[in-house]
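After this come two complexes, each holding subunit A, first together with subunit B and then together with subunit C.
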Partner chain A sequence: MMRRLFNRFFVVTSLFLSSFGLATAQEHTLDGQETHQEQKEKFNVGEMIMHHIRDDRGWEFAHGVTLPLPVILYTADRGLEVFSSSHLNHGEVYNNYKSEHGHLYRVNEAGEPLKDVKVYDFSITKNVASLMLSAILLILIFRSVASGYAKNKGKAPKGLQSFLEPIVMFVRDEIAKPNLGPQYEKYLPYLLTLFFFILINNLLGLLPGGANLTGNIAVTLVLAVITFFVVNLNGNKHYWAHLVKPTGVPVALLPIMIPVEIVGVFMKPFSLMVRLFANITAGHIIILSLISLIFIANNLGGSATGWGISLIVAPFTIFMNLIELLVAFLQAFIFTLLTSMYIGSAIEDHHEADHGIGYEGPEAH
Partner chain B sequence: MDLLTPDIGLLFWQIIIFGALFFILSKFAWKPITQSLKERETNIQSALDLAEKTRQEMALLKADNEKLLAEARSERESILRGAKEAADRLVADAQQKAQVEANRILEQARESMQNERQALVTSMKKEVVTLSLDIAEKVLRRELADQSAQEKLVQDLVANSRLN
Partner chain C sequence: MENKPGSTDPKSRFDKANRKVTSYTQYSSIAFQMLGTIGLGVWGGMKLDEWQGNRLPVWTIVLALTAIGASLYLFIKGLPKE
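This part shows the complex of A and B:
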């Protein structure tokens, strides 16, 4: 349901964006089949944007410069198979496999897809490669920071250590401590990992040719599910009691409130997942759309118009990139903050989770 | 690889890599970093506490010193006062003694002078007596004839000799 809704929304958006391209393509139909094909390939904005924000089998740094990545497949009959993604370029068939819009199918000799063969795709895609890169970067960076503490023991921090220390302390003092109280040390490693993982992947995603990792639903889903488990496995009796008997709610409203509370348990991580995914993906779409304007103008009014428009578009793109830089920090902060707030609400000891709207009377506070 | 359907491959790798990242960073990065931060904070706190304690001790010491100084000053004053009193007393004693001595000497002198004068008077009287006897002898020898004149002369002589 949700997926269909979003797809429809996306189709509408991409239709709107590519309407210029389509219009011109239609104008040029008379010029012949070849030109028509070329124009259509050049100016399909929706396709271009989707190509950039989606996962990919190879890592395309620039047009035509692609790093092939390993394809890892598991099928019940053939077991594990590993081969380079370059074999599947342009819809080629390799080992009876064919890639179509990112999905791998087993095909028969005639090239028809065999729908009954289930293919489990564990390929190192562009996103997985970027994920590994970010993990290695994080480990290298924080190993060096940690060794800085051993080396500069009792001295002022130096270099990378002094750059990252305020951020670590920010996570500890502004995110973990106020929300988690005295038990913050137990959850601090998770919050720090979460914050720096999201931050570095947001920033890597902003680089030209970078993968849109934190704008991928699978990644945000895993993060949200981990948060869900951390919150619910650590929830104390107040948390669960609040779920089935919200304080300060009249008995008549309980049939409504209990389902709302239970939905809330799942809605919290769901909102985390969608928020990060949508923010990062939307940012990428906006920047790509702005850049597409140049090509649309080029197509409409020739290269002079394209150059003219680019002068207007470039400042906007720079501005958007700066906004995205802000968003990269902001979303890492928000995800971590909300996670710590959810954990905090699940582990807090006192019973006043109704934030002062209950019927305890003035003497209770 | 649709936008809204999570790929099983990416899910798998994300769980594996994020989990590994969490354990590696927790063990090798977050633990030493947070520990060092905490250690440093406690160090700074204890250094600040120590400074505050030292400051208080210094203030206490200063107060002590001042008290000691004041005591020393008052003691010095009392010693000085005592010394001055002793000196004054000494001087007064000496003066008194000198006075007494002088008085004694004066008295002695006066006494001896008195004695001298007494002796002188006695010897003078003897002298006068001798002289008178001599005179009387001479008068007697010359004016033995006139009895009344002789007596009168003797009486006058005696009266005059008493004037001393």
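This part shows the complex of A and C:
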């Protein structure tokens, strides 16, 4: 019953979000045509794609509709400075600062960057703003769900609560319990936060004008580093013993095996970081490349070819958007699942069931 | 509805599917781990060669091969035991 309800909700939300995806496609089409008319000579695909994937100082929702965001700087001689990012548009110099390829430099009267002035940049960029928005959304959503549990104690869940309860239960029963064993409750808050944080940011990234937050390697790096600390600070004596003296390895091989084991410890969070970043970025690049095919055709064969190609490209783009919705859920699930597996392998007692991680040697059983 | 901590799920079919997903996830993670391990070995080797000024990139070769061996070891160790 619960599962059927969950499936139905899933279908409804997918349809709802895919209509947004379609809107994105159309919007980008309009954008491109305007720029095309302005500068007929060249349409730079790589630049267009990077512009949509990159972090930015202002939040561009559509072509020409940009929300300026605060630039916050700290320098040793001038202290804290705050101004709007709209002053720095198109390489303009403001307060002796200039933005070049995303980095801010202090410049002299002639406009040359002074490399010896260290500028600490704490600006609220597009990604930071999107992160704050998603944090506020998460707090609002889960405050309402929590108050639902307080109000309807012992009764059936209502509204948002009944939508999220199956997902929370899924994380608990299918991710946390099988991998963490009896101690699962201790790690559940982290796993749930991780799951919903990645999920909501993946979905926000698919909205028209959304920021590509989970496709930013710094964000996935922080998530992976948190996982690294959770795993290693909770590792029990078996976990550490395994690192310094892997079972079944001859003593002569230990000088090679110990570095290998230590490298393995760092490679687990590394793979988490790269996977989330690569999957989300690749999805965005595919959709943007499909859309730019229209403009390439337009440049090569005139507007009739452009229109013709767009009839073929549009269904593909919608299809990719639907795939991206699946990927958004899948990547949140995989990140959480692997985190719980890594924690599980660090906290498991060797006498309990082994979950397939860590070879114990034939004499252990 | 009420699940006691540590109690096992009786739906074995679902468990089986879940185990499949779990091992699939593990395989996909191993690919990135191998990539990272070998990359780290090659990068470290290149840095060492640069530092020592070797004409023949001995460290790059040795560490790249070691890293390939290490990634295979970590791969086999990470396989689900079934």
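Before moving on, here are some points about what is shown:
One rule holds in what follows: the second predicted complex is superposed on the first by the 303 of 365 C-alpha atoms of A that agree within 3 Å, B and C clash if a C-alpha of one lies under 4 Å from a C-alpha of the other, contacts with A are read in each partner's own complex, and residues count from 1 in each chain.
The criterion applied here is as follows: a contact is a pair of C-beta atoms (placed from the backbone, for glycine too) under 8 Å apart; a residue touches a chain by one contact, two chains touch by 3 or more.
Just so we're clear, the structure is a prediction, and the values are computed from it rather than from any experiment.
Of the two partner chains placed by superposition, only subunit C is touched by A:Gly264; subunit B is not.
When the two structures are aligned on the shared chain, A:Val168 is found in touch with subunit B, with no touch to subunit C. Of the two partner chains, neither subunit B nor subunit C is touched by A:Gly79. In the superposed pair of complexes, A:Pro255 makes contact with neither subunit B nor subunit C. Once chain A of one complex is fitted onto chain A of the other, the partner contacts of A:Gly181 are limited to subunit C, with no touch recorded for subunit B.
Once the two complexes are overlaid on the shared chain, A:Val222 sits against subunit B while remaining clear of subunit C. With both structures placed on the common chain, the touch criterion links A:Pro208 to neither subunit B nor subunit C.
Across the two superposed structures, the residue set of subunit A contacted by subunit B and also by subunit C is 185.
On the side of subunit A, the complex with subunit B involves touching residues 2-3, 6-7, 10, 50, 53-56, 72, 101-103, 120-125, 127-128, 131-132, 135, 138-139, 142-143, 145-146, 149-150, 153-154, 165, 168-169, 172, 185, 188-190, 192-193, 196-197, 216-219, 221-223, 226, 281. The part of subunit C that touches subunit A in the complex is made up of residues 3, 5-6, 9, 18, 21-23, 25-26, 28-33, 35-37, 40, 66, 70, 73-74, 77-82.
Those residues of subunit B lying in contact with subunit A across their complex are 1-15, 17-18, 20-22, 24-26, 28-34, 36-37, 40, 43. Within the complex formed with subunit C, the subunit A residues making contact are 173-174, 177-179, 181-182, 184-185, 256-257, 259-260, 263-264, 267-268, 270-272, 274-275, 334, 337-338, 341, 354, 356-359.
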